[in-house]
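Each structure below appears as structure tokens.
Each of the next two complexes has chain A plus one other chain: chain B in the first, chain C in the second.
Take a look at the complex of A and B:
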């Protein structure tokens, strides 16, 4: 019998778990449209609020960039954080448990697949929103903004992996918890306004969500004149630190979960 | 006849209790309330911060803040009544596999649906009150419970509830056609958000969309809610119309929604029976 190296199994698991995420787009094409329409409609509502307030045009750019990042946060919440709970409900978690691979590889595969599909969606939202509302960006900061964006994605999905482990401790509450987390995070992360407006303490606390600092940094780079919360360099450094921190915490949470599951025998117990 | 009414009422009440149990029995009541109010409060705070950033909280712009907060507060009824209700009906079919039994029950399927929708609207009322309290105490809106025009508020809300129920019941019947239509209720609520005048006047919409929005009862309902709570101290979407004229438009729009909803319901119900949507296995 062929013995594969752990690294090969790990990488093949990542690809195998990412594959259905990418392919699934074409299984329900209507969802592709709605996944993009949903943040665009939300952004349009916020743009019209700003227009009602006679806000400077620059703020429309805030909303469009926030709408694009919203696609990622929704994806992290509903396709990462709650995923193991769904898997437990439909019996897939049992298969993961007995498969000769690691939960980390499964989670990484989920994250990679989600990142690919959501980046395409967010790109469409950004382009469509910018064209629709006539928003222009500073081209000089584009490369740096792409770098910050990639770092933010890495940190955000590591946070998603951590949440996926933590959400397994909840039963029916997982769905409600994800639902309850959505709008408050939209608020504290400054999705539709400069996060500086929340003050140092609230915005500082909100920085635990990588989207907060990442989005603020990207706005500073692409929309000159943005009210500065903290300098771009510092924001980027903090987001870069969050990547390994959340990855390590996700690993620890998984170990804790396994230990508890062994002692209680409840990891794969279905709740519905 | 009397017995039929009693049985109808009993069935309705059971549906209300069932809806409430499914919505709330996953946790303790306190936690349920906390979860229920997080979303509308956050939404209200997002708008309040956007308002503050642009206007620096100037006195001249206060009526617009009142417009935003009252619109957001009452939006909870749509969020629960349309989005959560549609999700609930799809869950009844796909997750709990019990929709077929309620459909076959001698009670009458529409009674069950109205009962489920009622429980959703009732659970939204807590969010409405909390957001208005936040608006009053944290954001300084001059809301005084003693000066609210309650008859106007109650009448407007009752009319709106009829329209919301008609719309959401029809929507859920239409969504039964989909094997994976979970989440479409949320998307539909998001689209309604644009057309309702909840957070911006519908006159800001491009021409054809503004005309479409003027046919919806939601804008007139929210206008009357704002006037009933803060008459004269809130931004008005229809300043040229009196309260009575707005109410007349609301009645007409509700009647239109109910008639359109009724015929769409009949069509989608017939299709659901012919094609087996009521007990179709769906993605859960």
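Take a look at the complex of A and C:
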């Protein structure tokens, strides 16, 4: 038996846990289709509403960008936050727990794998939606928008790790929480319209979800004329702060809840 | 990156527990799953934990593998405290459960095993070599590139054993590893466990099983757990000696009225268990001496049931278990009279 360093185990766990997510791109082609098709159909409905209301053309851009970001939020909720619930049900969580690795490494691997696969899906949604609805973007803001996008992803998946830690302890209750978070967050984060329309208090509250400010900043950079909630620089700074805050909170929550889960028998699938 | 090997002291017990207990509390009730467990398992031993459903075997294993905290007492595995030193301990242990369904269905067998090897920091090359070697030994080499969703339960169980062994743990916990396996697959699992232990005399296995014959065949020592307590422990031979002076009789009857309680009530019947097989009720009776047998046959006759077979035989571990626990492993806790 050889005992390896924690850093080595951490890095290898990240790569290993990302692997099934990435390999799913080739092995679950049908899922890929549905994951792309449904957000596009959702966006199409909103586009038709806006066209019916004779909204300015830039609103179609809001919808397409929101549709692309929706893929990430759904992924964070249903493939990150709830994953430990699945893992507990089939006994995988027990094997993660008794291995010398950490939950942080497992979750980071999950996040990396999810980011890769979901970026492909979101990219297809963005390109297809833009071509379909004839949307043009300001090329001058592209590089900055990519930077904001990457920062938003980091913050969003750190939030996903925090939510996943809740699932380590709670099961069905946390499932309801994820369901409850989905539609309201879709609405208040301004997926289909500029978040400024919700007013300072609601939009400020919605800013706890990194997607809200990240998406708004990307829209300001790529779709000139977007109503400004707060300036891009401030939005980016807040999202940048959310990355370590959510990461640290996730780490603390994981440690606390692992101890409680061991104490209350929440990690085991049977206990006769 | 160089790894560090922990020092091994052959005199140190592989597993030790002192007054170990676990209570589950919920809003509605309190369940005492384990109480006052004192065990000491030597390095290199294959130690069996036997008990009926709900006896506390799995709770004991889950505490020892750091999945569950005890509510009283202490436990050490390979010299490390399961509560205080759990992070260090996790480098040295592994667990395989019967009917295990862990992992990701879209992965192939080799990929799945590689994934779990990485949680221990193994190099990919070393992991692949070890995986191939173990798959070959367990007759799974040909399905190594099949997705795990397409494996039979026997193959899946063998794959779980490969997962448990590939990281070369100091102590491996096998929780009913042959449950629901066919005879051939169960034999392969047992053979591999023996071979793995034979490679290093300090390797230790803690095994829970429902199969007495398996425990008798494999284990150096066993502990019998009932209602959360260890009621006996020793070598299978020593436990069997507890029923050495009894007369053991197997009785086969055609189906009919329930009889088990009536047989147990006969003076001189030390213990009785029953199971139904192929439409025939089979009773095992521990009698104080030969003189009890006529009373047994009179009771059977009085019940209107017909005897189709009667055999006197040597004691087994199962007989010792029935005598100690009062029922066989196959009987549910509440069933007083299955046959």
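Convention: the second predicted complex is superposed on the first by the 264 of 272 C-alpha atoms of A that agree within 3 Å, B and C clash if a C-alpha of one lies under 4 Å from a C-alpha of the other, contacts with A are read in each partner's own complex, and residues count from 1 in each chain.
We take it that a residue touches a chain if its C-beta (ideal position, glycine included) is under 8 Å from a C-beta of that chain, and two chains touch if they have at least 3 such contacts.
Fair warning: this is a prediction, and the values are worked out from it, not measured in the lab.
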> Superposed on chain A, are chain B and chain C clashing or fitting side by side?
Replying inline: fit
>> One more residue to check, A:73. First (chain B), second (chain C), both or neither?
In response: neither
>> Please compute the chain B to chain A to chain C angle from C-alpha centroids in the superposed arrangement, rounded to the nearest 10 degrees.
In response: 90
> Given the touch rule stated above, what does A:149 touch, chain B (first), chain C (second), both, or neither?
Replying inline: neither
>> Going by the contact rule set out at the top, does A:34 touch chain B (first), chain C (second), both, or neither?
In response: first
>> Taking the superposition on A as described, I'd like to know which of chain B and chain C A:229 touches: first, second, both or neither.
In response: neither
> Touch check for A:173: first (chain B), second (chain C), both, or neither?
Replying inline: first
> Which of the two partners, first being chain B and second being chain C, lies in contact with A:46: first, second, both, or neither?
Replying inline: first
>> Between chain B and chain C, whom does A:90 touch in the aligned arrangement: first, second, both, or neither?
In response: both
>> Taking the superposition on A as described, I'd like to know which of chain B and chain C A:16 touches: first, second, both or neither.
In response: second
>> Minimum CA distance, chain B versus chain C, superposed model, integer angstrom?
In response: 8
>> Counting contacts the way the document defines them, which residues of chain A are shared by the two interfaces, the one with chain B and the one with chain C?
In response: 28, 90, 272
>> So in the complex, the part of chain B that touches chain A is made up of which residues?
In response: 26-27, 34-35, 38-40, 42-43, 45-47, 49-55, 61, 64, 68, 95, 180, 183-184, 186-187, 190-191, 193-194, 199-201, 204-205, 284
> In their complex, what parts of chain A are in touch with chain C?
Replying inline: 1-5, 8-9, 12-13, 15-17, 19-20, 23-24, 27-28, 90-92, 94-101, 106, 259, 262-263, 265, 267-268, 270-272
> Tell me, which parts of chain C touch chain A in their complex?
Replying inline: 1, 3-6, 24, 33, 53-59, 62, 65-69, 87, 90-95, 97, 100-104, 106-107, 111, 114-116, 118-122, 147, 163, 167-170
> Given the complex with chain B, which residues does chain A contribute to the contact?
Replying inline: 28, 31, 34, 37-38, 41-42, 44-46, 48-55, 59, 89-90, 171-173, 176-177, 179-180, 182-184, 186-187, 191-194, 197-198, 272
